[in-house]
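Notes follow once the structure below has been shown.
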Amino acid sequence: MHKEAAIREPLILGHKTYHDITQDVCKPIEDKAPRMWYILFAIALIIGLYGVGSIMYLLGTGIGTWGLNKTIGWAWDITNFVWWVGIGHAGTLISAVLLLFRQKWRMAINRSAEAMTIFAVFMAGLFPLIHMGRLWLAYWVLPLPNQFGSLWVNFNSPLLWDVFAISTYLSVSVVFWYIGLIPDFATLRDRVKRPIPKRMYSILSFGWSGRAKQWNRFELVSLVLAGVATPLVFSVHSIVSFDFATSVIPGWHTTIFPPYFVAGAVFSGFAMVQTLMLVMRKAMRLEAYIHTRHVEYMNIVIMVTGSIVGTAYITELFISWYSGVEYEAYAFINRATGPYWWAYWAMMTCNVISPQLMWIRPLRRSMIFTFIISIVVNIGMWFERYVIIVTSIHRDYLPSSWSMHYPSHIDLGVYVGTIGLFFVFFLLFARFFPVLPIAELKTILKSSGESYKNAPDTHHGHDDHSETENNNNH
Amino acid sequence: MEFKITKKANLLTMFLIVFGIVFTGIGVIVETTFHHHGEHLGQRISGNLLIDSFFFFAIGLGALFFLALQYATETGWYASVKRIIEAVAGFLPVGVGLLIVALLTITIQQGAHIYVWMDPQTVAHDELIQGKSAYLNIPFFWIRTLVYLGTYLLFWRGFKTRSLLEDQVGGTDIHFKNYKKAALFLVFFAVFSSTSSWDWIMSIDVHWFSTLFGWYVFAGMWCSTMIVLVTLTLYLKKKGYLPNVNESHIHDLGKWTFATSFLWSYLWFSQFMLIWYANIPEETTYHLTRIKDFKFLYFGMFIINFAFPMLLLMSRDAKRHAGVLTFVGMVVLFGHWVDVYIMVMAGSMGGSAYIGFMEIGLMLLVLGIFIKVVLTNLSKAPLTVKNHPFLDESIHHEI
Amino acid sequence: MADKIIYAMYDDDDVLKDGAKKLVAKGIKVAEVFSPFPIHGIDPIIGVKNTRLGIMAFIYGLTGLMLATLGMRFFMITDWPMNIGGKPNESYLDNMLAFVPVTFEFTVLCAAHGMALTYFLRNKTLPGLPASNPDPRTTDDKFVMELRLSQNSQFTETELHDLLKSTGIVELDQRDVK
């Protein structure tokens, strides 16, 4: 099936062959790492280690080192948790949902987006774990028999739902990602010459041979995993939203939270993908595979999800008035005009206004502009969580207990540290793993490759021949 | 290929309309003779008009939304069934007319105990409604209603004209114009689909509020639309039309039906569970009235709309099987009608509502009109589009 | 039993597919195809049946669903009923809404991992297993068709070679196996 309308832009630029694809993706792994990689890795590692240090100090000293205050029993850590989980939504969305929608452009980004997802969920998982205080007892969240404590874990609690949701999401994402990686590891295994990497990739590729039956299973497994991962993506952030929405706190309890959190997660996840992809395509010379069209597609997703988020903000705002519940109304007035007004308006500007600029075609096709917006969006989405969480609880029903949340330097250290760790993981991934799905890209070369698409006349011979064969079959 | 309405189809629509009128007539007689001398008559008729006009209008609107979605996402496979989507969207003018009749009927009865906020006497004694009166008042309500409906009709006309024009002139200009207009439509739709369901449906339970409500109504409407589209495609295919539509197209429409059912169930659960969990009296009242007066219908409707598609359409073969698809589709379509029925009746008639002659009659009547209009639309334009840039992709669609 | 395996190498998936079609039409049994990516439509030609892993996934999912339901019924209702937020806990149904998320997650968990494990086992792809593709280039840009002499006894070796050569191969290799 090599049918694609002429009106569609090619997804693989230049006159690539199957071998070129292998070559282009494997080259950066086989070559020596550029100096820039070491510099970036060192920076990320230092920041990451600072974070690890902060966590150590926190675990040794206690949660009192955080800036929590009176009614604000939950602020910085949960904000970061939700932020990272949200970022971790793009990968599986790209590889699962876009696979179901047969969006071929996903193939340029799904591998690294999924890697990003996995690392982001790692970072997210860290926050509830360290919030437990006694990290080594983290297994108590599992439903273990009673001698480990007096009770079973509470299955009525959204926090426990989170345990199940996040661990399912993480492990299924890893499996999904790895199943796609196996054929590409096999490609590397059959290419590299040096013995140690050859041995490594040989183990990693699980003895993949590319038999017809293996591919048959591979395609079905990808499809079924996509099928189960799609509702999973929706469920995970819905469950994260339940953490807040099941409560009775004005500003937290609202029914629109589940779908709105999902949209927000996809929004921030795609922004993070953009940030990483734009750097990666340059650094690893993958401009032929990740180009303007891909960036434009992602920007459209950002624009759409940003608009959904914006609609949800306005819906909440309107209903808080319409409901006639004065506490509800106050929660929103306080957000916009209270002491955290700057966070609220930062969120509004970054999340509602900035993606609307993507309506302008030259802007959404501009790499620099996209890069800036992708960072703006992630800042905005961080503020969104901060606004939702902190502004809703810093002034509760008793004015005597009204207070403010100021992050301590440990708060900052842990947060910045996770960003460092995230980049450590991502840089390692980019160095040793195939960052594009080699096998999958080859399947779209003939339908979406520039040389096949735009110049069918120059490609007489077998290609044309197969085209007519195909037509006869239908 | 031109579609011709068969005699059988004509007869069927005639039957539906005649039966609908007769049943409604019986319903009116029953109501006036046996139920407190018909003191609920106006309320019941208006409520039913609202249910049926909204339900079928929403299917037309859903088709327009689905069409715009295909344009905006530059989808390829749908080109072979595009005329079917357009024919269903073509119900909009009639749907709009019916909806306006329903809303007018309610307005002239000062809300008919459906929109109690239209009744000045009730408002005078209700502080909560007074608080909302800046939004919920008759002039503003009608301005909004007319803006929504006008916008929808305007976009519908544009899409229709351009689609027929594309058959003749071809080229890519129309495609890109549709792309832009569709994106614009989706913007309007994103806002209007929420606000209009607050206006037309949520304001029936005037004290109650839910931020998710608009998206919930939208998901139900989308699901109903997909069912109508897949059934209509199967019908035409069976009659020997649509040579370009193969199993893969049916499969895709089946997948949409499956996915939208799932979406609807997800939103139903989110709304219900959050309200149940937080247990705030202002919010739980909505579900409590439904459980009190409509327990069987309310949960039955959810189980049908969720479990039927979930279990029966999960496998690939089922999504390609005309019999399974039609059966599941018809049951779930009725399930979504019941959903709309409860949404309107629970908040207005409450315990005294029941599905009787009038409910069935008006439903059959509007269904007859709907089928008539859609089939007529189908016969007016060639069933296969020409010059659509993705037509070739669609013809060679294979999954 | 001594056998001979012929490996015919192609440099294009469509050429291989057309070649396979022709060979199969002549009554030749194609034993295997090695390719760097899934070739669309090759399976029915060479007689590879569709996998039934999907059914397995469904069964694993169902198992997860049941385990989660029974588990939570036991933990929360039978073994140690807890009053949480005043929610009734007399029966599973009373509290079912709160159990939906975990039930869903656990169903997905079992379906996905059960299927993935089965997939690895059925594919014989596990860490450390040796690869069996005949040429390292089949994971890059070459496509290899495998014919076994024993399965095509009605043809002689040379006949098979000639037939293969007429389908546009780029290389031909033959190995003896025990």
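As written, the chains take the letters A, B and C, and residue 1 is the first residue of each chain.
Assume a residue touches a chain if its C-beta (ideal position, glycine included) is under 8 Å from a C-beta of that chain, and two chains touch if they have at least 3 such contacts.
From a predicted model like this one, the values you see are computed outputs, not experimental measurements.
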Identifier of the chain whose CA centre is least distant from the whole-structure CA centre: A
Of A-C and B-C, whichever chain pair has more C-beta contact pairs: A-C
Chain A and chain B: spacing of chain centres that average the CA atoms, whole Å: 35
Gap in Å, rounded to a whole number, between the CA centres of chain C and chain A: 28
Distance between the centres, which are taken as Cα means, of chain C and chain B, whole angstrom: 42
Two or more partner chains touched - positions in chain A: 1, 231, 238, 242
Interface hub residues of chain B, defined as touching at least two other chains: 273, 277, 279
Multi-chain contact sites of chain C, meaning residues that touch two or more partners: 54, 85, 98
Residues of chain B defined as touching chain A within the complex: 74, 76, 127-128, 131-132, 135, 172, 175, 187, 190-191, 194, 198, 207, 209-215, 255, 262, 266-267, 270-271, 273-275, 277-280, 282, 389-390, 392-393, 395-396, 398-399
Contact footprint of chain B on chain C as seen in their complex: 54, 58, 85-86, 97-98, 100
Contacting residues of chain A [partner chain C, same complex]: 1, 17-19, 22, 143, 146, 151-158, 160-161, 164-165, 167-168, 171-172, 175-176, 179, 182-183, 186-187, 189-191, 202-221, 224-225, 228-229, 231-232, 235, 238-239, 242, 438-440, 442-443, 446, 462-463, 465-466, 469
Complex contact set, residues of chain A against chain B: 1, 3-8, 100, 102, 231, 234, 238, 242, 245-248, 253-259, 307-308, 311-312, 315-316, 319, 322-325, 470-471, 474
Chain C residues touching chain A - in the complex, by the definition given at the top: 12, 14-15, 17-18, 32-43, 46, 48, 50-51, 53-54, 57, 61, 71-72, 75-76, 79-80, 82, 84-85, 87, 95, 98-99, 101-102, 104-106, 108-109, 111-113, 115-116, 119-120, 122-133, 136-141, 168
